[in-house]
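Can you read through this structure? Questions will come right after.
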Amino acid sequence: MQILSEAIVDQVIQPRQQATHKGDFGRVLIVGGNAHFGGAAIIAASAAVYAGAGLVTVATDSHNHAPLHARLPEAMVIDSQRSDLIDAVHQATVVVIGPGLGDDEVTLERVLSAVTAQQTLVIDGSAITLYAANQPALPQAHIIWTPHQMEWQRLSGIAIADQTPETSAIAAAKLPGIVVAKSHRTTIFAGTDSYQNPVGSAALATGGSGDTLAGIIGAFNAQFGAHVTSTLAAVYAHSDISDQLAKTQFVTLPTAIIAQLPQYMAIHANK
Amino acid sequence: MQILSEAIVDQVIQPRQQATHKGDFGRVLIVGGNAHFGGAAIIAASAAVYAGAGLVTVATDSHNHAPLHARLPEAMVIDSQRSDLIDAVHQATVVVIGPGLGDDEVTLERVLSAVTAQQTLVIDGSAITLYAANQPALPQAHIIWTPHQMEWQRLSGIAIADQTPETSAIAAAKLPGIVVAKSHRTTIFAGTDSYQNPVGSAALATGGSGDTLAGIIGAFNAQFGAHVTSTLAAVYAHSDISDQLAKTQFVTLPTAIIAQLPQYMAIHANK
Amino acid sequence: MQILSEAIVDQVIQPRQQATHKGDFGRVLIVGGNAHFGGAAIIAASAAVYAGAGLVTVATDSHNHAPLHARLPEAMVIDSQRSDLIDAVHQATVVVIGPGLGDDEVTLERVLSAVTAQQTLVIDGSAITLYAANQPALPQAHIIWTPHQMEWQRLSGIAIADQTPETSAIAAAKLPGIVVAKSHRTTIFAGTDSYQNPVGSAALATGGSGDTLAGIIGAFNAQFGAHVTSTLAAVYAHSDISDQLAKTQFVTLPTAIIAQLPQYMAIHANK
Amino acid sequence: MQILSEAIVDQVIQPRQQATHKGDFGRVLIVGGNAHFGGAAIIAASAAVYAGAGLVTVATDSHNHAPLHARLPEAMVIDSQRSDLIDAVHQATVVVIGPGLGDDEVTLERVLSAVTAQQTLVIDGSAITLYAANQPALPQAHIIWTPHQMEWQRLSGIAIADQTPETSAIAAAKLPGIVVAKSHRTTIFAGTDSYQNPVGSAALATGGSGDTLAGIIGAFNAQFGAHVTSTLAAVYAHSDISDQLAKTQFVTLPTAIIAQLPQYMAIHANK
């Protein structure tokens, strides 16, 4: 088990090449937000935009289009129930499915069947619960799972009380891709390697923290490639920003963390 | 009559245990916001989120879903007219009913009949007026009433001019739970004890102040348990933040107070 | 012609009496905002809230309900096409009609016929144009007209090029109430008195400045009574805030001015 | 090829004449924002408002009305599918067509046929792609084209790899008006003159940067006349603000740049 440090962020976040355009920094598609949980998709999309993804599109319930644009005009929106979801999946560098998806099994299966091998797929939140229940076929793709403890119980079969780095590593090894097992001390499993995040606190124990992290993971993978290190850096950065804010804030809300991303990334890009 | 001081805030707001998750900090359900008064529910929900509730859901008129998400993506939303209101009540640690509820007697009765003994129920605003008019059956639960002077007149039968700590104490003793009788010097009645809030000013005399307090009471009860002290701390904190802002602001608007909550709570948690 | 100074603001804005509640600071009803000009009503309502009105309600086209709540949860909303408009007029201390009203002559006439003698009526923007065209009967009430130069031409019959303090005074004397003739140097006519505003600049020459002023006039009249001095103070304060912002901002947008109101009023209340 | 410098901004942005009103600073009409790309129109309109246009109207899909008002109450809105689009075109000083327009060829043609010789027409984003595909008749008007590299390929027929100042100049000379060929080092072609923008960085390589620039170009042309220098100053200002923000922000998002416009313009107006 390796313990992460600020070095992973300094390594991943590099100054941008100058003769570039937005397409060079990736397209992130967020799929989520049913009629009840629209905020989750808005949070994930906001995190992706502020973390530097070149273009961000949200496939969500039509109820969420207006609030998404009102908060985040930088993002584009499509209706997750329409056929253009498949086109949007095909155009994406990274697909993040799950924030606020609820029980929309149909959309999960449509996305899983459309993702292709060169793409990165972040499976988060409700999408993990749906996958655990129904085990639909997974695409050949770079998959990143981001379960919290209860979702990890559903996905791995390991009761929360029994989740240890050792038991989780065995379960993670049976899944394709990277597993970000979120908890007070988040552990990341990638192949035979495992990493522990030493930062973060209970100031993150508030609705939307997971959606924020999913968006950052999406944006870092879209921009920086290198799935393992990008994912590690996203986990560390999310907690590190929270720790800095927690010096003066009892809870570190998603919108507060997201607002810090451009500054945080500038500091680490220039180190 | 005990006079509250900053000590109640220092006592109630404690640093978070680290090996925790959002579920440990409670689920607050805000029930309110008809087609005219949606802002009241949005304010109460915002206060609950910024005061650290683990998860916040708003049951409100469908017209308010988009503006809620646009302002506060951290909250979830359900339609207060649908059957899932009952499920949401069952999942809540604390239910706050009333901000902007208007004359929706049906929703009040649905909530009152669904709340159970382990839950905390904050009855605020229009819900007090509706209760006073129709006297529906109250649940076995930890009840907190938050009337302003006119609502207290309706609920207690005591004309505003006759409301004194003594007369109010007698009326409060006939109601189950805690009564927060809001006025220039808010008085809180809990069993045979009474407490007076020495802080706050007319800078709070603006639409939405009551909704803000209801949300803070909800979040403090959800996180910190101990209904009486949590409620006292919420009343004190709300006024204390206003007093600090009022040094430089003629009115201390709900959104301004809410924005200060994470900082205020951090200061008191670390004392 | 008297030249206004900061003294009018110091005189009008007084510290709040402490044993008060929001009802003591007046109810402002904003009537305006059709399907195209909803922003005007939102701006006027925001100005009224931030300038300290106790309660603010907006009667507007249903398209504007969601954005109003998203920006300003402190305000209540009703549909201007419904019968409850008349109830809202009856409950108001001050009615501001006009911001973004467009060609809605029916709503203007409904409001004019419902306002009563104790109330203050601010007639702004499109409502002035509609009145000038159709001359509906005016209520017995405290009326404040806030025309810009073209609206003053329509209302007074004086071409813009011929508008001088002298010609305008004669036309204003034929109208009931106070006339705020807005221009680079706004002139206010009240009975036989006239006042000139020496502050403000072309940084205010941007869409929404008039709506902002209308909201401040509404809030000052609702809180401070004394129609003439409240109106003078509102005009001066609006321009004075702009002048302070214009030191560092090329245009002083409505939302920037509105955000300064609580601070500005606190400074002058304590002088 | 002339290299632009800060002098172009100092030259164009002049202190406002004082005896003026909002009509003197131009009416900008933004035409764009279909059901998926509403944010683009909101961004362009926000840039135009913050850059000092006297009045800004957005003709857009009805889905975008609420989020536009929620973010930017200073703007007016019309439905781009309705007949009043033509009236709005006739009233505009500058029409900006394209941000988020998508494949709405009908609206492009309606606008092109309504614009008249005294007006300025900025053709941006999707409108360039549509024009390149269908070559509808262009109006006699002051036209400003703002293609990014792929749009310039479509419009000029020059593959991105072959786009040089020399090849682009030849293609630009065949188009009426000014061409702003956006890239890492944006080049502007106006008649036989060409200019290069030496500032800006990859921090601008994010969704919405082009919409922001289109709105600034619209506002500068509406206020300052002199199409070539206004356009040059807009390009320089947009990149210069980004460069200043990029010292502390990894990406310089549209909303961050827009918020700086009033301050940036004040500094340069007073030089």
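We call the chains A, B, C and D, going by the order they appear; numbering starts again at 1 in every chain.
In the analysis below, a residue touches a chain if its C-beta (ideal position, glycine included) is under 8 Å from a C-beta of that chain, and two chains touch if they have at least 3 such contacts.
Note that the structure is predicted; figures quoted are calculated from it, not measured.
**Student:** According to the touch definition, list the chains common to the neighbour sets of subunit A and subunit B.
**Tutor:** C, D
**Student:** For the pairs B-D and A-D, output the one whose chains share more C-beta pairs in contact.
**Tutor:** A-D
**Student:** Have a look at where subunit B meets subunit C and say same if over half of the interface residue numbers show up on both copies, different if under half do.
**Tutor:** Under half of the interface numbering overlaps between copies: different.
**Student:** Measuring centre to centre with C-alpha atoms, which chain is farthest from subunit D?
**Tutor:** Looking at centroid distances, B is the chain farthest away.
**Student:** Can you check how far apart subunit A and subunit D are, centre to centre, with Cα atoms defining each centre and the answer in Å?
**Tutor:** 34
**Student:** Distance between subunit B and subunit D based on Cα centroids, please, to the nearest Å.
**Tutor:** From the centre of subunit B to the centre of subunit D is 48 Å.
**Student:** Can you tell me which residues of subunit D touch two or more of the remaining chains?
**Tutor:** Those would be 66-68, 70.
**Student:** Which subunit D residues qualify as touching subunit A in the complex?
**Tutor:** 35-40, 42-43, 46, 63-64, 66-68, 70-71, 148-149, 183-184, 201-203, 205-209, 246-256
**Student:** Going by the contact rule set out above, which residues of subunit D touch subunit B in the complex?
**Tutor:** Where subunit D meets subunit B, its residues are 66-67, 70.
**Student:** Touching residues of subunit D toward subunit C in the complex: what are they?
**Tutor:** 13, 16-22, 24-25, 49-50, 52-56, 65-70, 72-78, 261-266, 269
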